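Here subunit A shows up in two complexes: once beside subunit B, once beside subunit C.
For the complex of A and B:
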């Protein structure tokens, strides 16, 4: 018999509560010393950090569901042995959706024009470009589309997880198995199409690109997707390794880990491809309206982050994950997964901060504290979700394929 | 018992019918050993005729100059660059199938990879013609090569994406050719070993490089495939990326947009798969290969078509949205006055219909598995993808920044059209020769999946399928 019921180890609990404690303290201290501060820069910092983390980790956890749905549509069998892991990560989406929504409420109802310049009616009226964009950049549309998006992600994700639990019930006949895979593909397709309409296009424009309300780049949304997708896969890898180290997931072997490693490798390069294309085309054409975005990032105070971003998210994965051995090695994969998750967190940092806090950037107790809070929450809610379902969907039609998996 | 691979019963077989290894060889090599059919000759001669028309058109072009074409003051690139991008795009499916699907271990690629790779090579040859002959004084074509020379020395402009194209496409061509040919070696050796005539034995003997089928040969063959797949994968992305740079690096409204690279790649794969469908549907019928290129294969390719078509659609709408959102009057005018409306508005809507709207019908399983509909759609998609390039190029160019240089309505001359038709002739001449002298399906690769994915073999696995997971695990891991 395999171990199906996950019991949260004491060490895991200790870390979870430790991180949560640090995070909550940081949040409260941040609220008092920054959020309530008389200094405008402090207030901006408070909100910008909340925005960066709430959007980043929401998209990362939602990427785990995208991973499941994409593989379901492609009829991939190899990942079934650890499918419950991304499912558990995606169970965090409803929680993070609510948190992100609260942050948006605070930003827009609180008229934080230092974050979203377009919420300032006065400024919009005197700005020809913002007036032109009013049809898209306005609180009403922002809220309607955000609410729809968060609800549909939550609902379709839950539906996919519920369908997955059907594979715990009992053996399926050939007919049942076909119908089961079909149902899965239908819901996966709905998720993926909606994902394209949100993460693949509108949502990054609305939530992030509008921080620089004058600036635009058609690549922006796909770039955001690539950044969070690779981090989502890295998160999956971390949980697989953690569970393997505690004697769970008997059917998941180094073969699967190797393939997850290939995904991290490939999508790191894919991210770099989009990063380079966006940067190079704007640099090459040299149109001031467009280069302004990179002016502060590439030549200004964020120059260090600009290169760090490239080193962690491209140089490290391509060099370290190139060999077969590294992708099958728990230590290397753990190291690289942490690096990629933090690396793309930094990527979001350099997407959000230059447009909000600008020159007065910090990477201090509050930034790290909120990061700890979010990591603590991911550990808490994912851990809890893992205890709620058997770790292997025993009657999934593709499970046997996953057991005999050689990469 | 230890297994290398197990395939669920939910998956349909990749090879239909009761096949033995010998039967596979017989089925595929048959067409090489028999005389071509009448249909083959008809098709071949039509292709040759088209090719000759193309040669004549080029003769006019070289003798009288580019004035033979209707290019204008601002439309310096018309049909030729449209055709160039279109053909390069078509080539992408072959590389995607052979490289990316190999890395993803998609078993169904074995039914179509050989023909798709061949198609890639022919498509790239066709594509290459356009920039070469567009140079006008084609005897100066070697000027694009960067080497220390006595012309000043005069170097090509390394900042120009057109020069990057030279490198990208020649690398792509070389690697694709190597990939295709190294995959052919075991199959050519099969034909050699069965040869009844001396000449055939000699020629296939030379072509198969002394392949003996030893374990060492197979080992090297496998590692070579992996290395070439690893090299080709970035090439699939890079070639059309650089083609998109030809446009996107400029400050021409409608061209300068950051989404171009991935969107061009998706569009290229989209049109490439459509062309593979066109060819495979004919090939399987004419050569009786329905057992190897099954409805399942066709459905899988249609899924790729609906996926890439939708990605392209997402990019079209993104461009359109940002043209409004960006509040740049030039961008806005190009999209909203000269693309969706204006003199060439019809071509924009033709593109939208063919590339975005109609492929959505492939969400329906019935239509994905309908051969007639698939064939029709494969043509529609390629028409649409041709018009995509036409829209991008002509609608951005015919309205310059300077109204005094606004051009008249652009119509190609008979020799522009002739050149394009000529490349069809070249493409199909090559394809007909290929289908006569080479195994159109990778025999060795079909054999590698036969015992896990062949219909009759899957039936024999029923007792494994009926085991519980624990029993299955114990049984397949009993050597520990």
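For the complex of A and C:
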């Protein structure tokens, strides 16, 4: 008899509540000492950190649903044995969507032109470039598109999870299984197409690239996507290893973990490819409007982060995850997953901070506290979602394919 | 030339092949090789083959390519033929990375293909004995190598009992040889039963 029903272990609970407590204290202290501070730099720091974390973790959790949908579209069966894990992670999306939306409300209704320069109407009117971009970068469009995006992610994600629960009900006939697979394919396609329109293009432009309102890069959205996707897969890997260590997910073997490891390896390289392409074209062309973005990151106070980013997110995965043995090793995979999640968090840090707080950056108690808050929330909501459904979709048509999966 | 005697069994089903491989190995016969129309997952494990070292070779070739590119470009552009490209420093690493990447890929790809061919004993003008032409079509062909002590009849019966559809004995060259096919076609016909082991 396999262990189907996940029960949250005491240690997990302790860590969750510990992180949440630390995070909430940090948030409250941050709100009082930074958010309400008379010092403008402190206020900027408060909002920039909230923006960085809420966008990063929202996109990371949403990447879990993209992972499911992309594999569903490819008719991949190998991941069905642990499919409930990315599903549970994607169940965090509605919560994080609301939190991110609250942050955007605060930023735009609070008229924070130190974060989003384009909310300052006066400045836009006197600025040729921003006047051109006005049709896209304005509060109305920002809110409409953000609301649509968050709603569609939430809704299609829920639909996919609901469809998955149908595989718990009972054996399917061949006809039912075909119809079931087709339904899954259709909804996965809707999600993926919308994902391309949002994470693949417009959403990073609106939420992140507009921090540097004058600057633009055609690589930016893909770069953001690659960053969050690889972190999302690392998060899936962490939960798989955690559940395996507690005796769950009997059908998920090292074969599946190996493939997840391949994903982390491959998308780390993909991320580097975009990271470098964006950098090299701007470096080579050497046009002041474009190089301004890298001036502060590459030669300014963020130089350390720039190279640390490269080491954690490229050098480490490519060298450590290259061999077959390391992708099948729980300890190595855990280490690399944590490194990748933190590495891309730092990547977002150096995407957001130079454009907002600039030279007054400070990776201090507030930044780590909010990180703890978000990790605590992921653990809390994912853990809760895992308990709500059996860990194996027993009657899924591809389950057998997943069990006998062999790399 | 290393001419040996082989007992060849042909299976028409993967599901029969796997238990047969297990039985044959358990009985202590030495499997020369199994020829299949397509890559069969897990067969290398069942045959007890060690992991290939092809990827290690690929890594080494890649490093060679990377080093070649970096040392060659940097020698040209900082020592041998210094030129000013758009005011960039002579040692401008970002501009070279695409070339370094390409040569890494090129060296590892070409090197691995050649190594693969060597490991599989394939090369232009080189011949290998084909145990059953249908191994490239729809048959899984298991080849057992005989020694001077092997009871051939018993081996044949064993294979047939394990589910082989077709069993025969062939005396053939075990490795590869240089030659032209039309001339070598009858190389093993009418050989007497002298087997070197």
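The criterion applied here is as follows: the second predicted complex is superposed on the first by the 407 of 407 C-alpha atoms of A that agree within 3 Å, B and C clash if a C-alpha of one lies under 4 Å from a C-alpha of the other, contacts with A are read in each partner's own complex, and residues count from 1 in each chain.
Definition applied: a contact is a pair of C-beta atoms (placed from the backbone, for glycine too) under 8 Å apart; a residue touches a chain by one contact, two chains touch by 3 or more.
In this text, all values refer to a predicted model and were calculated from it rather than measured experimentally.
Under the clash rule set out above, the superposition-derived model of subunit A with subunit B and subunit C contains a clash between the two partners.
Once the two structures are overlaid, the count of subunit A residues touched is higher for B than for its counterpart among subunit B and subunit C. Applying the stated contact rule after C-alpha superposition, one finds that A:406 touches each of subunit B and subunit C. Applying the stated contact rule after C-alpha superposition, one finds that A:324 touches subunit C and leaves subunit B untouched. Within the superposed three-chain model, A:278 lies in touch with subunit B and out of touch with subunit C [touch as defined at top]. Of 63-71, 135-143 or 153-161, the segment of subunit C running into subunit B after the two structures are fitted on chain A is 135-143. Shared contact residues of subunit A, touching subunit B in one structure and subunit C in the other: 284, 406.
For subunit A in complex with subunit B, the residues that touch the partner chain are 1-2, 73, 75, 77, 128-129, 132-133, 136, 171, 174, 177-178, 181, 189, 193, 196, 200-201, 205, 216-222, 251, 262, 269, 273-274, 277-278, 281-282, 284-285, 287, 289, 392, 394-395, 397-401, 403-404, 406-407. Put simply, subunit C touches subunit A in their complex at residues 41-42, 51, 55, 59, 86-87, 94-95, 97-98.
Considering their complex, residues 3-11, 103, 105, 234, 237, 241, 245, 248-251, 256-262, 303, 310-311, 314-315, 317-319, 321-322, 325-328, 363, 464-465, 468-470, 472-473, 476 of subunit B touch subunit A. Taken in their complex, subunit A has these residues touching subunit C: 276, 279-280, 283-284, 286, 322-324, 406.
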